[in-house]
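Labels for the chains are A, B, C and D, by order of writing; each one numbers its residues from 1.
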Amino acid sequence: MAETSPDLSLPELSFADAADGVIAMAHYAGAKGLVPATSGNFSVRMTATHAAVTATGANKAALVRDEVIEAEIAGAKHPRASAEAPLHLVRYVHAPEIGAISHIHSLAATLLSRRHEAEGVLRLEGWELLKAFSGIHTHETVMEVPIVPNDQDTDRLAMLVERRLRESPPGFGYLIAGHGLYVWGATYQDVLRHMEAFEFLLTAQLYEEGRP
Amino acid sequence: MAETSPDLSLPELSFADAADGVIAMAHYAGAKGLVPATSGNFSVRMTATHAAVTATGANKAALVRDEVIEAEIAGAKHPRASAEAPLHLVRYVHAPEIGAISHIHSLAATLLSRRHEAEGVLRLEGWELLKAFSGIHTHETVMEVPIVPNDQDTDRLAMLVERRLRESPPGFGYLIAGHGLYVWGATYQDVLRHMEAFEFLLTAQLYEEGRP
Amino acid sequence: MAETSPDLSLPELSFADAADGVIAMAHYAGAKGLVPATSGNFSVRMTATHAAVTATGANKAALVRDEVIEAEIAGAKHPRASAEAPLHLVRYVHAPEIGAISHIHSLAATLLSRRHEAEGVLRLEGWELLKAFSGIHTHETVMEVPIVPNDQDTDRLAMLVERRLRESPPGFGYLIAGHGLYVWGATYQDVLRHMEAFEFLLTAQLYEEGRP
Amino acid sequence: MAETSPDLSLPELSFADAADGVIAMAHYAGAKGLVPATSGNFSVRMTATHAAVTATGANKAALVRDEVIEAEIAGAKHPRASAEAPLHLVRYVHAPEIGAISHIHSLAATLLSRRHEAEGVLRLEGWELLKAFSGIHTHETVMEVPIVPNDQDTDRLAMLVERRLRESPPGFGYLIAGHGLYVWGATYQDVLRHMEAFEFLLTAQLYEEGRP
């Protein structure tokens, strides 16, 4: 597993620049079929206290600026925040090195998270494309991606996730069973690369395991 | 299963507006490969008595306004109506809350409807994306999608379908064995989202079941 | 199996119009990934004695007019004819109702033709999309698609194919083992629809059979 | 296996022309999803001593001229060369008939190279599309694609590859286990065709083998 050295000094971003990053991630995910039926959500940290986040109900594949809101990371809930906004915001609280987060519903993530829910973890091992994650320099890596059960109470789910992540080696994302994938990075460009790498690796893993 | 509260007061639409909805659904389905070889058909309700419906023989992926007709819901058959128009029109008669309907031939719908024909139902359970359907608010849902046998006599088939649907919990669509999927909603925008959700869920279900 | 009533009076086409049909089929197949690595070839009958055919070596996905040649159906080999031109031309000799032919290398055709080579036939049965073929009006159809062994001597292969087709019920195409599909129709528009229908049906069949 | 007759007299190319070939291969691979998450690299030989090669870190799907460097085939390492540049350059040293090389990370190449790593070779046999490779004239061919273990020391890996290739019949590429495919040809146009042929054949092979 690569070590990610927390970077406490990410540059501050204006809302306009952060929203551009949110839109770039959303359009990429939409074009690749990773956010079916208006699912998924995206965020970019602006400062220690604020982040740009997709508003509830938007079609992410065609996201426009008006559908990105400026949310307080630890403050009151924004009136247009989606139900899943807490899952983004608590990550920014606990991980100062994170500058951007995507939540996507890819087919491979949905299937593998259900199949391995009882184990609580999905292991990705030996694939060259593991090197696409920031700080991983060899395929001789075992990436352990935590899997948590799904829960419609997202505040409770966020607390569970953070507890699991504190016990896990530093990583780049986690799965919610039958639901999808959260993936992060220092910048939205890193998250674009990490989304593409997870999509390839999860699809390869799904094929390699075969079917039930 | 989410409750759908029948809405007896859908706004009336002009033929022009209804035809735009028909074209939007047809082009979406065409772009996604859900209506191969000129298959599929689409409709939007205008009033209690009329609906805009795709004419017979059109290539839905490239549908134009002249290929949409104004059909009486309970009246004489339109000379350019497709053989499957009755399956749209009786739904409007029996379900006042329905404002738009798509009929598509996706690979997953075709395969699963054949595989589960003897059971007469396909169960979709526990997937987060079930929440994409109007009125479903939790993944802890069992959606029962009725499956009816295929029949080239579409008047007889429509009667069978309506009888099955009266006995089933309210839902969003049904499968015809070896044939495809009917899916509806209050507006064509809802149907676009429901088509995308069914396509994802049926594909996930097909992968999860594995192959014979 | 639908009856195809031979039409001895197909309208004559100019080379320009026939070449447009060849290009339309080639571009469609290219866009769908059915002619990988410059494979595949396409033809449209002009008259009882001539047809427009793709020249050897062209990239079909980007076919231009100069890469379509005017070939004699029963005459001397055109200097730019591809090695597979005889497989097109003998069909025009034996079947006056055929106005256009596509040869494509889809994944499903390649796999199923190898798997069922020993049986010599692939059966497609009960699928609604069988109705996409001209003259088939019900899913209660068994379409028997002949499979012949591959052979680099295309004159010999063409003779074998015609012998097999004389013994078979009238149909819309045949498979060459490990190689691909030939598909025809009265017009190039029919062939576009038949290509799309075969691609859907062969893919569905491949999934339904499962894997070895 | 087809004989490839070494061509010692490839025409010399300017850097501009060679870079255009590099960009054409990179854009093709990007459009087809063969270089996920900025993976992959591409080169075109200019002369006996120099080649145009993709620089490290570039997004190949959107490669621009500034991201192509002029590297010495047997000289000092270019400061912007990627870690995998040696795997391209030693091929040019050992095989004068090679004018262009692609390295891609397709799903099928990644999966099959892991599955067959212990055998050290993947056999492709009897497929018509084998004829897409320069010099192969019949499907009655067994193409043996060498598989080498993955190694982050690319100088060491390059030596191992060259030793394996000297012991193998002349071919068109090799696999690195869990990593991807190297593929070459006399010109970048040949490599485009060979990439497309390998992608089809490896995908067909993966389906034909079935899953574990």
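Basically, a contact is a pair of C-beta atoms (placed from the backbone, for glycine too) under 8 Å apart; a residue touches a chain by one contact, two chains touch by 3 or more.
All values derive from a computational prediction rather than experimental measurement.
A.B. asks: Shared touching chains for chain A and chain D?
C.D. replies: none
A.B. asks: Return the distance between the CA-based centres of chain A and chain C, expressed in whole Å.
C.D. replies: The separation of the two C-alpha centroids amounts to 47 Å.
A.B. asks: For chain A and chain B, let me know how many angstrom lie between their CA-based centres, rounded off.
C.D. replies: 33
A.B. asks: Do you know which chain B residues sit against two or more other chains?
C.D. replies: 211
A.B. asks: Which pairs of chains touch each other in this structure?
C.D. replies: Every touching chain pair, ordered by label, is A-B, A-D, B-C, C-D.
A.B. asks: Within their complex, state which residues of chain A touch chain B.
C.D. replies: Per the touch definition, chain A meets chain B at residues 36-39, 105, 107, 110-111, 114-115, 150, 152, 176, 178-180, 206, 211-212.
A.B. asks: Which residues of chain B touch chain A once you look at their complex with the stated criterion?
C.D. replies: Per the stated touch rule, the residues are 126-129, 132, 137-140, 193-194, 196-197, 199-200, 203-204, 207-211.
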